[in-house]
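One chain, chain A, links the two complexes that follow: it is found with chain B in the first and with chain C in the second.
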Partner chain A sequence: MSSTTDIIEIDSLDNEFQTLNLGPTHPATHGIFQNILTMNGERIHHSEQTVGYIHRAFEKLAERRPYNQITPITDRLNYCSSPINNLGWHMTVEKLIGCKVSKRVDYMRVIIMELARISDHLVCNAVIAVDCGALTGFTYMFQWREKIYDLFEAVCGARLTTNIGRIGGFERDFSEDFHKKLKAFLAEFPEKFQEFRDLTERNRIFMDRTINACPFSAERAMNYGFTGPNLRACGVDYDVRVMNPYSSYEDFTFDIPVGTQGDTFDRFMVRQHEILESLKIINQAYNNLPEGPYHADVPDFYLPPKDEVYNNMEALIYHFKIVMGETKVPVGEVYHSVEGGNGELGYYLVSDGGRTPYRLHFRRPCFIYYQAYPEMIKNCLLSDAVVTLSSLNVIAGELDA
Partner chain B sequence: MTNQEILDHIRTKFTDDILSFDEPYGMLTIEIPPAKITSLLEFLRDSEELKMAFLTDLCGMHFPNQTDRELGMVYMVHSWTKNLKMRIKSFVSIKSPKVPTICNIYAAANWMERETFDFYGILFEGHPDLRRIMNVDEMDYFPQRKQYPLEDGTRTDKEDQYFGREGNYIQTFDQRADKQLNA
Partner chain C sequence: MQPLTSRSKIVSDKEMTIKEKLYLPAILGGMWITLKHWFKKPATLRYPEVEREFAPVYRGQHVLKRDDQGRENCTACGLCAVACPAEAITMVAAERKKGEEHLYKEEKYAAVYEINMLRCIFCGLCEEACPKEAIFLTDRIVHTEYERETFIYGKDKLVEPIESSERIDVTKRQKHLTEKQ
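For the complex of A and B:
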């Protein structure tokens, strides 16, 4: 809709600038963060971001918690795709302690992580449509997010903040209920998703609204530390799943969708196609799900079954040691990254051999790319800035840690 | 390229500046003096052999027991064309924690440096806008430093020593008390 090329830099004193507060709580920001905009009419002349409204000091908290108790903290980073955060953290600890998990665990993790990615992208894309005034798709796609949450519930008992899995694998194997629900999901979702695609992707109104809305060059995106769908929309095919495969991602065939000019439409389309690719991965993983144990043999970290704890001395000792955080951990530092819903989600963990991490740093993709927002929306229309904010998928939990 | 080859390549330009190196879990980690950070990152970015042109991460650390090098900076760079990663560390004294900014090389460093300043009080010289980012502006201490305990400082039931284990850094309440700032 807007074109940034024909706008002359505004520096004249004759203009009257207005200050507009977008946020901290505003229906268009989808989270608690503030944008102080200096407006020249409908155009944004300058903007300033205030973040930290829901800062919860996760990195400090983590320095006082044993490794297994940090998983619930990671839930609350990007709460639209908590399982990716949880499993990424488990993989980091496994890397530190040198624990090898079975192929079955890897494949189970891939299924869960890709489901989480679908739910993350579904919410993001449905919300972009809502910000363009199309509420219908959102109501339909939210039902399918609920179905994905039902799947998480069948695995771990929780829906939003999942705390899914354990260090070394899963707390239980996929249940009958999960198999039934997953089969139903894989059979029915593609058709419903196609309806959402029909509603939006070739919709003239939607296209006019999003094409050329705040484009961003690949070079600037790299300089600003973009990763994930937002980077790929600019045309760079960097994906952690392909470049540094973890959890057996090298076993699966899938494409990395990329955009061309990094505008809102490209970001939307990249996410749409990633949903399809994720479905492909889930189908491959589920159809080839190997037999084997659903957890690794790491008694120092993996809680023994409850009846063992009551009847077996050794199991009781391990249970006590894990719960009290008495487990021996190697000294060292490790960085592990996974492809989160928004990009490279990294965990930098420094262990001094104590019961808790000495230092834990989360590389949060949202926090890093959101600082490019002022540059993206400069000289754009306010309404374009709103859809751009949705298409960046800034999640306040991940932004503020 | 192996880590040794990367190291040799860096040594061609920075002969005496690599204070130490290590390979924890396979990732090359080197330590350099703070003054060399900008030139090293520019070298890594522009080098045809390495092309480490993406700043993955930047964060601070605090080691109260290392005299005169208490605060640490950690940079992680990644080469997408060659898939090489490395970590660069640099330590400064807590009395004068000054590190040159890398905002002019990577725009992404802006908020990451602000966050590090906010948590550890590391001063980035030349940073365009070095303000707190997560915490309130009125805060007069740097909360991620180790002398600030998370819970009640008199609580000892979670100390490593009571579990028959020595972490590298065992703190008692007396050690934790804010000695460094008062000194």
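For the complex of A and C:
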């Protein structure tokens, strides 16, 4: 790469820098983050990032809340795929308390998590196209994200901040409505997605725009701690679902799409193919959905059925204990990670046996990508920086560590 | 770099064929796709004239239920307030006096029961916590207002009307009822 001084001599008219604020509320940043760019003509000479515009102190909040009340907090990390955050948290607590869930719960979780991954990737990829000026594909794909949200709504009652599932399983079984909608989704979505692929993937305008836009080497990516689609775009086939399977992911066959150079086109293509792989996983999980209970038998954490609470003293006592968070939790520390929509989402939980976590830390993938962002966009064109930010899929909800 | 697994698959092909190098086919293909969409049913609804159907388990505005004799179910145990991660619920408990048996089901009742709808995150944990079938979320949405104070919903807005025709049906979201069928 040429040094900065060369570029000044070549590009700048009279060697003058300008400061440009990209953000905090800029339509091209898709979230609240500020980039103070020192521009040399159209090229970015230097950039400085500010985080913390929506600091909510999740870990501190969590230290005062019983385990089941922390799930709504995790909703707000990467809010494009909150079911993954919720279920990852439940799995972490289950690891701590040593609870084993049935295969059916595992498979149900896989279905929900892969749906969430599809919705996350759909939004990200559609937005990359928007940032290149192709708004139409976005409107088509957004309809399907809404359909996925309909599915979440049928299970848990909410669309964006889902609070789905409970420690030990699900709050209720998949309803008839859900089955109907999921079948319709699996039947119709692939065709519509193909349409989006036709619009973008081999379109020369899109390719010219994204190929070689801010490439990143695998080595640098790993040094920063990249995971997920952004690391895979650099050519490293690291996927938590394969390397460290949780929730019965070892039962399913799927490929790990990788890119070559780590540029915007690679990131886009990796996500496109991950959507297809997720569909494969959902089909496998749904067609082999085992019979059985939809929650584990953990009377200390999973609420007893309501009719028993109304009529039976023992159930009522358990109910009070769980809601007030007065159940015994083992002392210890656990780390659990899931393949979130955007990379490895980790939960480090330390328990001192009290009703709330002693310490909790979320490993937020977006926080890590954003650290690398200044290096990625150095000496790039401003317009490339915008598509790079959207292709990294930095979600502001994860930037408040 | 060595692949870590046997499952990796390179998916991005950056070489363009001659056909792809010409802009025109891609542009025409794109136009054809968008043109087809002109003749499809629009995906949007004309809200507020038309409203979307919510799932029966939708987590919207709360209701405080009465029993079939029209008495309030809530016994002011405070469990919902404890369960609320957003600390949105406040209540004041009171003893039921003689002659009020037709108003309140239990000996204790909530004289004041307020939910701050600006704090509430509609997580549904209060509904899950209630041991008395008193509080439920419903498939109604909280409407916008102009002033902050009006978002603090008291019993006047939360308790369902006493007339049986205007009661709010929550049976579809009660797990123990739907699963027995």
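Methods note: the second predicted complex is superposed on the first by the 386 of 401 C-alpha atoms of A that agree within 3 Å, B and C clash if a C-alpha of one lies under 4 Å from a C-alpha of the other, contacts with A are read in each partner's own complex, and residues count from 1 in each chain.
Heads up, the rule we're going with is that a contact is a pair of C-beta atoms (placed from the backbone, for glycine too) under 8 Å apart; a residue touches a chain by one contact, two chains touch by 3 or more.
All of these numbers come straight from a predicted model, not from anything done at the bench.
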Which superposed partner A:243 touches (first chain B, second chain C, both, neither): both
Touching partner for A:157 - first (chain B), second (chain C), both, neither: second
Chain B or chain C, by number of chain A residues touched: C
Which of chain B and chain C A:256 touches, first, second, both or neither: second
Touched partner set for A:68, first chain B, second chain C, both or neither: second
Which superposed partner A:328 touches (first chain B, second chain C, both, neither): first
Partner chain(s) touched by A:52 [first = chain B, second = chain C, both, neither]: first
Doubly contacted chain A residues - partners chain C and chain B: 236, 238, 243, 324
Sites on chain A touched by chain C in the complex: 65, 68-73, 136, 140, 143, 146, 150, 153-158, 161, 163, 171-173, 175, 177, 195, 198-199, 202-205, 207, 211, 218, 233, 235-239, 242-243, 254-260, 265-266, 269-270, 272-273, 303, 305-307, 309-310, 316, 319-320, 323-324
Interface residues, chain C side, partner chain A - complex: 1, 3-5, 7-12, 14, 16, 20-23, 26-27, 29-30, 33-34, 37, 43, 54-59, 79, 82-83, 85-86, 121-125, 128-129, 131-133, 137, 173-176, 178-179
Of all residues in chain B, those that touch chain A in their complex: 24-25, 27, 29, 53-57, 59, 61, 74, 76, 80, 83, 85, 87, 106-108, 110-112, 115, 119, 133-135, 143-144, 150-151, 158, 160, 163, 165-169
Residues of chain A that touch chain B when the two form their complex: 51-52, 55, 57, 59-61, 63-64, 95-96, 220, 222-225, 236, 238, 243-244, 324-326, 328, 331-335, 337, 344, 346, 348, 350, 352-355, 358-359, 361, 363, 367-368, 370-372, 400-401
